[in-house]
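Below, chain A partners chain B and then partners chain C, in two separate complexes.
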Partner chain A sequence: MHELLAVIVKEFLQLRQDRKMIPAMVVGPIIQLLALGYAANLDVAHVPMVLVDQDRSPASRALVERFTGAGTFDLVGAEDGPAAIDPWLVEGRAQIALVIADGYGEAVAEASAGHPPRVQVIADGTDANSSGLGLGYASQILAGAGAEMVAARRVPGGARMASGRYELVPRVWYNPDLKSRWFYVPAVIAMVLMLVTMILPSMAVVREKEIGTLEQLSVTPLRSWQLVLGKLIPFLILGMLDMLLVTGLVTGLFHVPLRGSLLVLAFLTFLFLLTTLGLGLLVSTLVRTMQQAMGLCVFVLMVPMIYLSGLIFPVENMPRGFQIASYAIPVKYYANVLRGVFLKGSGLGVLWPEALSLLGIGLTVLTLASLRFRKSLE
Partner chain B sequence: MAAPALEAVHLTKRFGDFVAVDDVSFDVHEGEVFGLLGSNGAGKSTVIRLFCGLLTPTSGSGRVLGIDIAQDPEGVRRRIGYMTQRFSLYDELTVRQNLNFFAGVYGLRGRAKAERLDWAIRMGDLGGKEDLVTRSLPGGWKQRLALACALLHQPRLVFLDEPTGGVDPISRRRFWGLIDSLSADGVTIIVTTHYLDEAERCDRIALLDQGRLVALGSVAELKEVFAGRAVLEVTCPRYLEAQERLEKEDWVREASLFGDRLHVVVDDPEEGRRRILALLERDGNTPATAQRIIPSLEDVFIHSIEARGATP
Partner chain C sequence: MNPRKVGSVAWKELLQSSRDPLSLGMLLGVPCMMLLLYGYAVNFDVRHVALAVEDDDKSAASRELVASFVNSTYFDDVADLGAGADLRRLTERRKARAVLIIPEGAGRDLAAGRTVPLQLLLDGVDANTATTALGYASALVAAANVQKLAAAGGRVQLAPIDFQPRVWYNPELKSTRFLVPGLIGFILMLTAVLSTAISVVREKERGTMEQLRVTSLKPGELILGKTLPYLGISLTATALILAAARFLFGIAVAGPYLHLFAAALVYLIGALGLGLLVSSISDTQAVAFQVGALVSMLPAIFLSGFIFPIRSMPRALQIVTYAVPARYFNVVLRGVILKGAGLESYPRDMAFLVLYALAVMGLAYVRLARKEV
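So, the complex of A and B:
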């Protein structure tokens, strides 16, 4: 126990001496958080729109009003014919074009089932994300306009069933405004933890390899488990502190609700850290230099894990093979944990499969890494 | 006689096809300063790493303080000290933090720890430098700190793998002073070096060449191989040609190159000198000189290695 403590104390002393490590662990999370919180914002607002209104009727003006009134679309110009739209989209001055053809007003006035009013919405597909969302908003606006039209045609007090259509009233739970920030910001916790508990410890172990102290230590009575725990526990503690730091920022600065219990979050974070610490140690047994450790951690582990975990891209949209592979990725479970605890207020009653998966992967990787590490000492 | 502090019995270590240590046997007595010598890659460090339990022997066996290295490497590690040329210290930590850490690793605590730390600081003459960052220390200080760290747990046997590499001559001399006083306290010391002046300070030395033990004994014993013979140092302009010519003469025991000079071993110094000069004169390889010298350890080594090469 004293031997273990000696290693832990030494590790903290080293971390304190390292003028690059501490800023990386405190400033790093904050920068990542600001970047993802403010920049990685997929919510669409103020989409520049060019208008071609060939109808010029009160009805067409009312429709344009609907588009520009909500702040989602900004009218940036008007043209006489659809042919003139192209330069607007090519030059990026507009992202979406609304074309109201001649006869729209009449069609609205008649509103017969055989001749529904038609408008055309053209979107710049190069930025598929915002255009898709823009189109989504546009169809919502048009649907709203259509529904009102039908209602207006009805005789006062007339039968509600007259239109004969279902009316869809969506309710989005947990994140009613579909704020993408709520979706992305918890992901920062996962990324920060991978940095602090996977990349840093693997580099700390490899560094001892480089300077020869690892060999020196293997000629002492220090057991390999004491060495492994002594090297990993400090990063476990730092990881937990970073988790608290980012959680504080996420809830304080970005007003993402923490609906579940912090204790549950801490416990499941601990299980997640078993996997990242294990992977970090495993990497350290595979490489000789700190640069190799860094490269392996970032490019072979961290980036693919983030992509395949559902942290950013939904797993459901991936090809089957990738979906299966994602089951081996601890970040996938931790992403569920983060969103569950933050947004849904889930407890262990719901998240136990994630807890078990993390524990299973964590123990497997840690055992494997420790065995390899022990072998590498001999 | 007491059991040897360390013994190697047909110790062999292979890495694939490469034989790093080839059937090496020797004993080291308690309190002895034992030197392992040889060129780079001769197998010195491998022998030490085998005895520290960092490597396991392919065949043969070794015992340290009566413990078999293959059976109880842990037991060996607890009882030995190990220091390498790399001075494996934590550069960013202070002298005291390094000492504290290694004391902790060796399970020292309380009063025993305090006593050993005091001892280490006195022994390494590190007083007043306790709070300096190790990185900022000159090589000689780092070397003494590394030795102090390796001795905190009072091992009865210490391995020093090229401990004086990259250190200035004054620090080297001082370091050997420490080695002598340890030995006087009964600590057995096994040291590798390729400085021959350091080898002369060892009680006994073993010479390794390509993994094999080619000579073993005290410096005086090893120089005995020249008993009844003389070593002549010869200078001449075309020394390569001269070496080739002299080696063919049956009255020449050995002719070796030492830089731009030749060391020639003959039975009779006067007779040899006359013959060498006459031969060089005939070849027009002049001006030439030949002088009797006291054989150095280097002569002994070259003799041992060449003698082994002649009889495979």
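So, the complex of A and C:
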């Protein structure tokens, strides 16, 4: 126990000496938070729209009003004919074109099935996500206008038509204002933890390899498990502190609610760190230089884990094969934990499958890494 | 400036990087891996939202409504619930993303001409998916209402508005087509900045930079010699990504290749200059890597319009994006690859890219000439 403590103290002293890493450890998370908190936003608003109104009737103006009134579409220009739309979309000055053909007003007034009022919406598909959402809004606007038009019409008898209708009453749980920020910001915790408890320990071990001090340590009476624990525990402590720091920022600065218990979050974070620490140690046994360690950690581990885990991009939209592969990625379970505890207020009663998966993966990886590490010492 | 001296520095640089096959492999392998990740894993096309249905009515009308949800392929009926099911647990365990509740007597009320409230519960944690699902549901309900009205109109012929959506350049609205051009900008920035910064700092760490300085090399020759190999590698990576995009995802370059590579060249000069600048403020490779990744990766992902639309950002952040070259490069690249346009359609964006390249390279030259690198 005494020897273990000595290695831990040594590791902390070494960390403190490497002063340039400290700003990187603090500034990095803050910049990530700001980027994900403010820039990561898929909400669609103010889509620039060019108008071709060949009808110029009160009915067509009313329709344009419906498009521009909601704040989703901004009218940026008008043209006389559909042929003139091309440069607007190519140069990106407009993303959507609304074309109301001649005779729209007449068709609305007369409204026979053989001669429906015709509206064309042209979208620039290069920005697939916002164009898709934009077209969705457009079809909602037109469906609303169409339904009103039909309802306002009178049957030959003179009375208004009576018909039952559905009214959609949406209720959104956990994130009632549908802010994308609430989805993205807690993810920063996972990213920071990967940096602090996977990349940094792997580099710390490789540095000792490069300088040759690891060899010196291996000839001391230290047992290899003491060496492993002594190396990893400081980063475990740093990781837990970072988790608390970022949680404070997430709730304080970005007003994301922490509905569940901090204790549950801390416990499940500890389980997640078993995996990240193990992976960091594993990487250190595979490479010779710090540059290789960084490259391996960032590009082979961190980036794919972030993208395939549903941390930022939903797993549900991926091809079947990727969805199955995502079960092997520990970050997936931790992403569920973060969202469950922060937004849904879930406890262990709901999150126990995640806890078990994290524990299983963590112990496996850590054991594997320790075995390889011991071999590399001999 | 002596081309032979530049050439020998460049040759030395190539030899040196070929001795580290792991790093070189990453330089070429990472772009391909990113392409696969983005091409297959990053997808905003929301389909098959897991929907649980609580049909308290069980009438012909309610079944018809549920069928219209499922047939749209936007929703999958994953569970039929009885009244009083534990909806909270269902959504908390993510078994269902949405719950549709049809009240008892819906069919009867509809026939009697009354309004029937339909409750749609949404799991709002993933706001983007929830917004899209809500949009689908509103459109489906609106369509059902129009049908009801048309049926009630009897012999009177009724016509709702004939909506003709058209999508140009990407008719199926595939995320991949939208992501690939942005991905090229992101990868080029990352590899160019990191490889130059690290290669210069490595020479600083080992003291070989001092040795290079006491030779007869001029600062300009040293800069050119150190950056040219990485320019070559980055352009090769561009060609690789384009080929992979063509064969894996069927994305062909619609515009002229010459314009595409010209734009990439200007963009890369700026990126390599940024790498030199990063090397001038870093003493160790670890710091160079951290700083380089931060200044190249974060803006190119978050502030360039690559994934997240600039229009949706707060005002202050929108202003910051004007200083991010990837922002302009994305516009040009999407234009050339997807819209088949030439550079002449984007004079403003190209001007910004040229300006950025000149400014950054100029600054790097000044710092290197003052022996600060």
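One rule holds for everything that comes next: the second predicted complex is superposed on the first by the 340 of 378 C-alpha atoms of A that agree within 3 Å, B and C clash if a C-alpha of one lies under 4 Å from a C-alpha of the other, contacts with A are read in each partner's own complex, and residues count from 1 in each chain.
One rule holds for everything that comes next: a residue touches a chain if its C-beta (ideal position, glycine included) is under 8 Å from a C-beta of that chain, and two chains touch if they have at least 3 such contacts.
All values derive from a computational prediction rather than experimental measurement.
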Which of chain B and chain C A:Glu65 touches, first, second, both or neither: neither
First, second, both or neither for A:Gln17, with chain B first and chain C second: first
First, second, both or neither for A:Asp102, with chain B first and chain C second: neither
Partner chain in contact with A:Glu148 - chain B first, chain C second, else both or neither: neither
Which partner, chain B or chain C, touches more chain A residues: C
First (chain B), second (chain C), both or neither touched by A:His46: second
Which of chain B and chain C A:Thr213 touches, first, second, both or neither: first
Contact residues of chain A, present in both the chain B and the chain C interface: none
Residues of chain B touching chain A in the complex: 52-56, 74, 77-78, 80, 82, 84, 86, 88-93, 97, 100-107, 109, 133
Footprint of chain B on chain A - complex, ascending: 2-3, 5-7, 9-10, 13-14, 17-18, 211-213, 215-222, 378
Contact set on chain A toward chain C in their complex: 20-21, 24, 27-28, 31-32, 35-36, 38-47, 87, 89-92, 107, 111-133, 135-140, 142-147, 149-151, 153, 155-156, 161-176, 178-180, 182-183, 203, 287, 290-292, 294-295, 298-299, 303-304, 307-308, 313-314, 316-319, 322, 336, 339-340, 343-344, 346, 350
Chain C residues touching chain A - in the complex, by the definition given at the top: 20, 22-23, 26, 30, 33-34, 37-38, 40-50, 65, 88-89, 91-94, 97, 109-132, 134-139, 141-146, 148-154, 156-175, 177-178, 181, 198, 202, 283-287, 289-291, 293-294, 298, 301-303, 307-309, 311-314, 317, 331, 334-335, 338-339, 341, 345-346
